[in-house]
Amino acid sequence: MRWVVMAVALLAAACGSQGQVSDDVFTPAHRTIAAAARDYFNVRPAAQQPIPFPHKTHLAKGAECTDCHETVEKGPIAGIPSVKTCMVCHSQIATTKPLIKEVTAYSDKGIDIPWQRVYGFSQEAHVRFNHAPHIRAKVECATCHGDLKQMTVAERAVDHTMGFCVNCHRQKNAPNDCLTCHY
Amino acid sequence: MAHKWGMAIDQDRCTGCGACVTACHAENNIPTVGASQAARGRAMHWIRVERYWEGEFPDVKLKFRPVMCQQCDAAPCEPVCPTYASHHTAEGLNAQVYNRCIGTRYCANACPYNVRFFDFFNPEWPRPLDAQLNPDVSIREVGVMEKCTFCVQRITAGEIQAEAEKRGVKDGEIQPACAQSCSARAIVFGDLNDPESAVSRLARQERGTKLLEELGTLPKITYLAKQTQA
Amino acid sequence: MDRRDFIKLTAVTGTSAALASCGNPEHQLIRFVPDEDITPGIAEWKPSVCPICSAGCGVNVRVMDADVRTVRSGQAGVVRMNVAKKLEGLPTDPISRGGLCARGQAAIQITYHPDRLAQPMKRDGARGSGSFKPISWDEAIAELVSKLDALDDRKALAIVTRPHRGNRDALFAAFAQRVGAPAPIAYELFSDDVLRHANAASYGKAQLPTYDLAKARYVVSFGADFLGTWGSVVAQNAAFGDMRQARPGVRGKLVQVESRMTTTGASADEWVPVKPGTEGVLALALAGKHDIADAEKITGVPAKKIERIAKELADQKPAVAIVGGPALAHTNALFTATAVNELNKALGGELLGFASHNAQLSTLSAQPFAALADAKLLLVDEANPVYGAPKAWKVREALEKIPYIASFSRFVDDTTAYADLILPDHSFLESWTDAAPESGSLDAKPISAGPVMKPIHDTRATADVLIAVAGKLKTPVELPWKNGEELAKSSQPSTVDRRQANPAPPSAGRQPTEWTDPHFDGAASDYPMHFLPYASPAFGDGSTAHLPWLQELPDPLTSAMWSSWIEINPKTAEQMGIADGDLVDVTSSQGTLRVPAVVFPGIAPDIVAMPVGQGHEHYTRYASKRGANAASLLAPVTEPETGTLAWAATRVKIARAGDADGSLILFAGEKYEKPHDHETR
């Protein structure tokens, strides 16, 4: 019985006062109960992209991952390219297509396309992932990001749980110390 | 052979300027807590310069001693952590894993050097101070413990770079922010497993002692005592 | 219900409603296309020059990408920019040699300060209230041009700056000269001009010396906190470290002669307290040019100690003497400086050299701001005399009467609060910058560097603004440089020699090394204590008090943070019933300050000391109305020949005013180390 009461109280708090739980004395790690719950259950909403970018189409035309995600071999971050990168080709290519017109509209206004991240970790996980050593170790992009050749809009094909990382690290004799990734 | 990171701090060179303290704040995204929280003892100086007076005017002397986490090989903060957030790594560092930490603060209680700090609040950086934050270092949220990591982000970056260039890490290549900024070169960082490294040589000096050695914590920082002039 | 069911219940009902929203506020901001190439997560290192003090350290800046809020065409949004993340000493720079001091490390916060002026401002309230409203650059420049054009007499244009800022000095000097205005008033509280004068007489160089400490066996410093706040601190620290421990079997000895323990005194092997203003006699006695017994009477240093040090100086070669700081802040400063130069001559002088530098000698009049009384238009650049000048010079009163004041300051400080117009400069990281190091290394050369990042606010380089304004005047004035870059890169001939403006009075026929006793403000019967304001390791003369890292930096000798305090000898404190934190009224002939006390073993019973730097009326959220301004107690006593302020010559009386009120914040626990403290826990 007391579990039901607690559940109801939790619901009420979450839905009622917008779940804000901060005051001068008590400052929690998350701003709302909803945010805390999402973090705890590792729930992330699927990314809603402003333009349905088709990876399939671009890869089929011979583009490489690193043509747009340029810095992945040199540093920690693969990065989501700026609309400037799109315009390198699309100022000339397929300029009449409606989606390309949308891209060009962003570029003309000086506004970057508001892509939403597909992969990532919550801040509280304190994961410091570095792409470059993985690329040097010849890990394929598809291993962690799924086969983009089959996808239009990028989907979270692979669940980046800690187990996923640790399993591969164990197999490849990569370091497994906490401090390797969490610092 | 695996690295064993250690430090030597030369109290004969240290002039107490505090550059190491500010450099550490800049490198490690340490929040500025403000006057009222500082008054409650919550200022977070991962490295601090202790100063001790000796004697009475006019025969008065003063001694400076920079103190940060000693990365003890028998760290008292490690066995008391219920979640393995504080543990020892193969390279000799005392790791503080923020995502494991649940904020019991037993580690700070156990630490005899008082070098562990608790985040009583979520850090705030009034814009655009947040643009200065180091992206290689975590922002710690409320409820976790933090402390000097020997700039583990620099160690990791140095090791990854060396691996990319298919070579070993050179002595002196990796410099924590405090050692890098010290104009008197009082702080020396390096591999204690390399007997020829600068830190190993300094650690062998007769002037060298360890802080609170008698407690058996096996700290990895050798303090070189201020010499007296003949 | 068991635990598993409970979790399932909340997972389904409690959270699903909230999951619909993305929840991340950053995603709601417009992201503008970057103006530059961004390589995320990868740092580039670029050179710059630290502007915090006149040492001119070369800086290495770590530049990485970050999101910066901005407004474009009226739309608020965010843009990815390459920005400075960390400052380090430039390893190849002869001054910094890869190191940097605390203030240099904190300098990056100038760029990102939340209270930095983001665009030109126009006064919007009473003069001095500090309320401003934003205006555009076109309006601001047009207004300044029209005010300058409206001046009938160009001699009524006054300019107040600070000295030793490389080519920026030349910019304002040239502007003044070509516009027909008097030369800028370059003021700093802790001036070393007396030493420059003495060196001009002793060595033919109106310049601060460079000391080869790394080769020294023995160093005696008279009042100069050369490891903390005086001179080219980073270079001097590096050389000191080498002096101690870089030569196997050889270690240099440091003797510090001063009235109040500084970090340099703490690093010394021997700390010799002296009566204020008597350092010169000790120097002469050590040089064998003054009777030791008489020196003991004057200085308070025991004769035996003087003899021993004199002998050690003769035996341990090479040796050098340094002088600066409070020793040269007395009415007899020229005597003291000359006396130490005599000692250096006796010691051989091979460790004392001069970097190649176009020294500028300024002979300020005893009241440098007297000219403001006639000014009709004032330009203020990187100066805060309302804060740092003695009250008796009535700078504030003068500013209240000047019809129009324009400032180039990046922040509203005590002086800029009186402005009618503010044309904020870039921070040094966003701008062409240069320095001409006067001392620190014999290899020092003028250095310049370009911006390491694009500006994050709508600010403009002052050089560019001044050049533009000059060109827009009714009778356009052309300055020797087209823009700030050209200015920074140019090498200047000897800058304006202000001796022409104020010729030094002939010396009164006195031998330069004849003992001149110091004069103090305030009779000893009314004001029994000497007052020693000192340059704060965190704030210098107060100009970096607005940086939060420095407010929170524990003071090296007291561990105080966010505070003002007065240092009192333990016996004096005990007699007056004063403990750490208790409030004390400190009164000079100029007024009273109420500050908490710190019981301080390293000071004589009849001296009290206070760091300069706090007590700003206006200086951003971190420093405004915090603590007390030590400079406000200073009497306008000056050294007669150079006119420089004798800031150590004020006497005060102190009285216990109340119990501790929490305004003193200390980081540390104990003053004295008790090694076995942990056993009693």
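Order of writing sets the labels: A, B and C. Residues in every chain begin at 1.
The rule is short, and it goes like this: a residue touches a chain if its C-beta (ideal position, glycine included) is under 8 Å from a C-beta of that chain, and two chains touch if they have at least 3 such contacts.
Keep in mind that this is a model prediction, so the values were computed, not measured.
Undergrad: Is the number of contacting C-beta pairs greater for B-C or for A-C?
TA: By the number of C-beta pairs in contact, the winner is B-C.
Undergrad: So, comparing C-alpha centroids, which chain is the farthest one from chain B?
TA: So the chain farthest away from chain B turns out to be A.
Undergrad: Let me have the rounded angstrom distance from the C-alpha centre of chain A over to the C-alpha centre of chain B, please.
TA: Comparing mean C-alpha positions, chain B is 33 Å from chain A.
Undergrad: With chain centres taken as the means of their Cα atoms, state the distance from chain B to chain C in Å.
TA: Inter-chain centre distance comes to 29 Å.
Undergrad: If you average the CA atoms of chain A and of chain C, how many Å lie between those two points?
TA: Centre-to-centre distance between chain A and chain C: 47 Å.
Undergrad: Where in chain C do residues touch at least two different other chains?
TA: 41
Undergrad: So which bits of chain B are touching at least two other chains?
TA: Not one residue of chain B touches more than one other chain, so the list is empty.
Undergrad: For chain A, give me the residues that contact two or more of the other chains.
TA: Expected reply: 76.
Undergrad: Okay, in this complex, where on chain C does chain A touch?
TA: 1, 5-6, 9-11, 13-15, 17-20, 22-23, 27, 30-34, 38-42, 72, 77, 80
Undergrad: What residues on chain A touch chain C, complex-wise?
TA: Of all residues in chain A, those touching chain C are 3-4, 6-7, 10-11, 14-15, 19, 32-35, 37-38, 41, 43, 45, 48, 70-71, 74-77, 79, 82-84, 107, 110-112, 114, 116.
Undergrad: Residues of chain A touching chain B in their complex?
TA: These residues of chain A touch chain B: 27-29, 76, 123-126, 128, 130, 132-133, 136, 177-180, 182-183.
Undergrad: For the complex, give me every residue of chain B touching chain C.
TA: 10, 12-19, 21-23, 25-27, 32-35, 38-39, 43, 45, 48-58, 60-64, 112, 126-135, 177, 180-186, 212, 215, 227-229
Undergrad: Would you pull the chain B residues touching chain A in the complex into a rising list?
TA: Touching chain A from chain B are residues 84, 87, 89-90, 93, 95, 97-100, 120-122, 136-139, 141-143, 149, 152-153, 156, 160, 163-164.
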